[in-house]
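Labels A, B, C, D and E are assigned to the chains in the order they are written; within every chain, residues are numbered from 1.
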Amino acid sequence: QETIKIGVTQPLTGAFAASGNYVAQGARIAETEINAAGGVLGKKIQLVVEDNKSNPTEAVATVEKLIVRDKVPVIMGAWSSTLTLAVMPKLQEYKVPMVVETSSSGKITTSGNPYIFRISPTSEMEAVAFKPLVPKLAIKKADFLNTNNDFGIGSAAEYSKMLKAQGVAVGVMETMDPKATDFSAQLTRIKASGGDTLFVTTAVEQVTLILKQAKELQLNTRIITTGGSNSPDQLIAQAGDAANGSFHTVFFPPWFPEVVTNPEPAKRYMDEWKKRGHEPGGLTEGFRGYDGIYTIVEAIKIAGKAEPAAIKDALWKTKVKGIYGNIAFIKQGPAGSESGQNIPSVYLVKIDGGKVVKSGL
Amino acid sequence: MAVEDMTFEVREGEVLSLIGPNGAGKTSAFNAITGYIPASSGSITYRGVPLTGLKPDQIAGHGVVRTFQKTSVFNGLPVLDNVLIGLHRRARQHPLAIMLGLPGVRRDEARLRDLAWEILDLVSLRGRAGEVAASLSYGELRLLEVAIALAAEPTLLLLDEPVSGMNPAETGAFMALIARIRTRGTTILLVEHDMKMVMGVSDRVVCLNQGRIIADGPPAAIQRDPQVIRAYLGERYVRARG
Amino acid sequence: MDQLLQHALNAMILGGTYALLGIGLTLIFGIMRVVNFTHGELYAFGAYMMYMWVMLIGANFVVSIALAVALGVLLGAGIEILLLRRLRGADIDTTMLVMIGAWIAMQNTEQLVWSGVAKSIDSPFPSAPLVMGGVSVSWTRLFVFAVAVMLIAGTWVLIQKTRLGKAMRATFQDREAAALMGVRIDRVHTATFAIGSGLAAAAGALLGPVFVVYPTIGDLASLKAFAIVILGGLGSIPGATIGGFILAFMEELGAGYVSSGYRDAMGFLLIIVILLVKPTGLFARKERIG
Amino acid sequence: MSRAVTLAWVVFLFTLPLWMDNLYFLHVLIMAGIFIVAAMSLNLLLGYTGQLSLGHVAFFGIGAYVSSLCSLGFEIHVFDVPVGLAPKPVWLSMIVAVVFAGLCGWMIGKISFKVRGAYFVIVSVSFAEVTRLVALNWLELTQGPMALNNIPFLKLWLPGIGDIDVLGKMPNYYLVLVVAVVTYVIIRRLVHSRAGRAMIALRENEPLATSVGIDVTRFLVLATVVSAALAGLAGAVYAQYVRIVDPDVFLFIYTVTMVIMVVTGGKGTLAGPIVGGLIFGILPELLRGFEVQPEIQWVVYGVLMILIVYFLPEGIVPAVRDGWRRVGGRSGAPPAQPAPATPAGATPATAEASP
Amino acid sequence: MLEVEGLVCRYGKVEAVRDLTMRVERGELVTLIGANGAGKTTSMKAISGLLTPAAGRIVFDGEDITRAPARRVLELGIAHCPEGRRVFPYMTVRENLEMGCFLRRDGAGIADDMDRLFARFPILAERRDQAAGTLSGGEQQMLAISRALMSRPKLVLFDEPSLGLAPNLVERTFEIIDGIRRDGVTVVMVEQNAFAALELSDRSYVLEQGRVTLTGTGRELLENPHVRQAYLGA
């Protein structure tokens, strides 16, 4: 019996390996579920997962391989914005659509690539969603600390724009290398700046260190992490009491599945995740892969055939009740070659007394 | 302070030997002349051109070429290539011409090869041209060193202990080579502890001690100089000479 | 003012850890002339061992450090015997390639064993920092600093004063002559590599609790260690120590007052400048020509 | 004899896409080819002058960035004065990239060849790191990590064929092949000349080289300029093929890849980087074919590298050449080279490969 | 005391020593002479354990040391002063001497020996804290000789000890070697300075292409026409 192949390119080794693996694990859960329910168009689906090694050139190579050798009609990937941006010209060259499950850079959907369908939010969307909280949290002066990559810089830019528009003063904007482990210099400067809130955008490893080191330096500002990629569970486990009092945006709050738009798939996903013995801290990442695969399969169903052009057209009509919310694509980018962008929900949680609590977003 | 207030002059066309006890500063003097160490004070002039402050390759460009006390050749390369490298100064090839593959470059290469063979003949190494330098015997290595230096077209050749480690018979052969080099009009400044060689080939001998010159004269006179005997030659040498 | 003091204090503490990274490498790279790409992996190994003993087995903190270092020494000895012994006399690029291969294999083995998820290690020191006026520093870091200083001093004594140290220096200056003096060459090679590795593991074990542990932590550590060794002059322990502090101050002040984006660039620019002024590093040894 | 072999290879490579319709394999070859060009340029430094540059990727990256920026156009502000460049044709941008990379090579050569050996290694690493950090942080020019994307592809006019878009596999394959052949020829001419001998002399024995009048710095700088320019060319070709450039092109692992290619192939030999490049360009793709965890693929990659070094410490090309001689490919061939007089006299280390 | 029988040594395919047989009695001074590349250095290295012979037997004081490592050979009392000085360039003169007695543990004896050597070679005493690599060639040679003596050997192998020395020092060196022998130490010496070496030695071997071609007392060889022609240049 023939199967329908779906390409997945994720960073399974290298700097982003932890997150890339979670996304791949989430995707595998979806694969199993869908096949158990009979697959799509009467065929089973088969994920072809390639490791892009956290490296843009490799990402391009994986996409080449998926399209040319494995002949997949659609791809999900490629985790970080840089990796996604790297493979985009290839999608255009081969006319194969890709569902983007994590990347946040605005450029991905505005550069006029009609093969891009993003289910994750952009930094701008996140910032806009955050706006109502600014008066609630009484933010007067904000400082920024972010990695110098798309994710960090993009987020800092959008948040600072939004905050300035709200009349909040912006203090220092510090950056760091994604591999750095010592932030004392930046934190010392932030302390001297005297803001009341520090927006941090980076991967969870660095957030852990920042929380710990902020405490060591007696930096008593409120710390808010953005980007939705921070597993608060992992922070509690690793930063200990240094994590208390910090706020985090997430796109899926597994602690309160009842608040999400579609609690039912969320529960299914969480149960299976637990059953498979995956790291609990990965729940906030793995759902992206889960949703991505469901979106793709739904599009294949609508298209009625597993061919790139048909899937691309079908994606515009796809509606999925996912963990990201009700997934559907609106048009972004230059007319005539728009990319698809979903508007997902954004949540803000707080760590208090070693526990994750709701905080009103 | 390895060399202190040393003043001497090498005359065109002669073989001048520099002798002196170990650590007297002979090699240091060579290093200073050929630009490997800067002289803290004083000046070095060759044919009216001040060499002080120039880099070794610029000094070689003025025709002053040396060999090293510790045998020094291009170990991993064939003998012929060793000499071809020595011919560097005589090549006329512009980098751009090389990359464009202009015919002039090929002609120049052929000319260099002829020159290299000529030099190998002079030091009687033609038979070993294809061997890797590292596989030569010690005596042959010392000949190859001289061949490399000769390839650089020296007008003043500085030899640092060229026959150390050779037995008297081999030394004799080397003395014959020096005579051949002289006929090409090359001036030679020699550092050597082998008195048979020094006395046999030099026109003049300068003796150093502790960085200073203590004697200067023809070989016969130097051999009898009491200061030289005390500081350098030793009683036994004198006894052996009778 | 407080800001400057805090920066200086940070740099001081960071310098201690950099120096520790540097001296381990100066033995292997500076003395043995092996471009040791596994240095960062031994650093990561030390940190993971610390994680294993403290967090999984629940051993005492200080005992765990000792165990991690001991295991690092053993691993280093293993690498030397298995990979380097048969390459005696090979040139620097050849051994480098083998070390690159080992680096790639080790890093991915770590990821296979420990997964890519970062681990953190609890430290027994109070989490409230030591506060002095406007500046503060964590107790764990102070502890690390103190141990680092001790290890550096110990290594210096080892190299300069002990028989093993002399045998090490002699061996890497002239292997054959050292053998004639009665030095067991193979053992000295193994011991040197093992001690260097042990120091890297020590750095990892000490810094693991300060930072978090994940498979690629060694990469940046390696790069910095190389820079430090060169800055100080190959094979010089005082050089590596001072190089570590210079790099730390440069980075800290550069990030604090110029731009944090160029924090690492500061260090590298400094290296370029120093080597242009003094091409043999700060503590060069004398050579002669001719 | 060897000329015929070379010719056969060239014919084989030029006709390859005509009978091989596996586009994916062609892609692998294109990427391998680009890295081979870079490795060949590195070989000039590493193999011939003996200077181990672990920052070679800087020139590759500079080539990629300059060519992309020229073809995309940019505008920056220097002390609030806007400075800009309108988009230029890709062929022109590539030439600018080559020249600019060469200039960087000249500058770096001038300042960094004060140091040698291990010190040079670190200066070169530092240089690459600094360029990476500049590419990362100079957002206005380079877009930093947001990358330069949608880089235009090359359009060429060839007599007899007319306009061609270098887009897709076939044209890019030929582009890379031509670039590789040109690189090979340039390097070959260089090493068999006065300039190349000067570089080799420097590698073998620097004091002796200077004593016969070789201006060491001058030839090192020449080697760096040529090497940098060729690496820049590889970078420019890379940029217009992949059509995205981000600061990760400066990653250390790329330099490492180039070094691996050169050393396993045989440094200081003309064919070495090509053989090494083919092996290490294709190996990761072969490993990808095995359905095992990616970490295991990497471990295998590392172990294979170690094994190659063990069994062929000189590199593959010299080993094959010696084997060929031993089998009797040539009569009267010189005997196996005895070791140079190293302090390690007791273990007969084999002599350095020479061209 | 030392017996070498049918020694064969190879470097890869090059046979540097083929079938060398010689013996040295206690208290003798034996010289080896031969052209460059005759295999003298190789034989010395084989004896001191730096090289493993391909065939043959080496026996010292009744113990078979054919395959013994250098350390064992040194323990048994053979010191080797190698060709080309081979001092440790970045160690000081004093440290070099300390390396010479690496296996000795008698601190007081070591200090005495060092003082004696410094008295013998005042120039070394003067430079005791200078890095050996910066000494002049002759100074390094003196250091190498001294270093070999620091282990209080029963037998010393000197490989071209007069290489690069000034005539008066050559003379001094031979005196020193003679003195060493008179102190009861057996000496095997390789020398290009054949004249002086033969004069000094009890017995001599002439090595040609890895084989002994002539042997006899020093006097005998000095008068041998072949030796005179090939090695004495007369």
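One rule holds in what follows: contacts are C-beta pairs under 8 Å (C-beta built on N, C-alpha and C of every residue); 3 or more make two chains touch, one makes a residue touch a chain.
In UniProt terms, the chains line up like this: B, E = ABC transporter ATP-binding protein; C, D = Branched-chain amino acid ABC transporter permease.
This structure is a prediction, so every number in the text was calculated from the model and none was measured.
Student: Measuring between Cα centroids, what's the chain most distant from chain C?
Tutor: B
Student: Which one of the chains is farthest from chain E, going by Cα centres?
Tutor: It is A whose centre lies farthest from that of chain E.
Student: List the centre-to-centre spacing of chain A and chain C in whole Å, with centres computed as mean CA coordinates.
Tutor: 36
Student: Could you put a whole-Å number on the gap between the CA centroids of chain A and chain E?
Tutor: Centre separation, chain A to chain E: 75 Å.
Student: Centre to centre, by mean C-alpha position, how many angstrom separate chain A and chain B?
Tutor: A distance of 73 Å separates the two centres.
Student: Calculate how many whole Å lie between the centre of chain B and the centre of chain D, each centre taken as the average of the chain's C-alpha atoms.
Tutor: That gives a centre separation of 40 Å.
Student: In chain D, what residues contact two or more other chains?
Tutor: 136-137, 207, 293, 295, 298, 335, 338-339, 343, 345-346, 352
Student: Going by the touch rule set out above, which residues of chain E reach two or more other chains?
Tutor: Residues 50, 86 of chain E each touch two or more of the other chains.
Student: Considering chain A alone, which of its residues make contact with at least two other chains?
Tutor: Counting only residues that touch two or more other chains, chain A contributes 13, 148, 175.
Student: If we count contacts the way the header does, which residues on chain B are in touch with chain D in the complex?
Tutor: 34, 36, 55-58, 60-61, 65-68, 71-78, 81, 84-86, 88-89, 91, 93, 95, 98-99, 101, 105, 108-109, 112, 130-135, 148-149, 151-152
Student: Which of the residues in chain D end up touching chain A in this complex?
Tutor: Per the stated touch rule, the residues are 22-24, 27-28, 31, 136-137, 139, 144-147, 149-150, 167-168, 242-244, 246, 248-249, 251, 253, 285, 288, 293-295, 297-298.
Student: Of all residues in chain C, which touch chain E in the complex?
Tutor: So the residues of chain C in touch with chain E come to 163, 166-167, 169-170, 173-174, 176-184, 285-288.
Student: Using the touch definition from the top, list the residues of chain C that touch chain A in their complex.
Tutor: 2-3, 6-7, 10, 13-14, 108, 111, 115-120, 122, 127, 129, 131, 136-138, 141, 207, 211-212, 214-217, 219-220, 251-256, 260-261, 263-264
Student: Help me check something: in the complex, which residues belonging to chain C touch chain D?
Tutor: Those in contact with chain D are residues 29, 33, 35, 83, 86-94, 96-98, 100-109, 111-112, 174-177, 179, 219, 223, 226-227, 230, 234, 259, 261-262, 264-265, 268-269, 271-272, 275-276, 279-281, 289-290.
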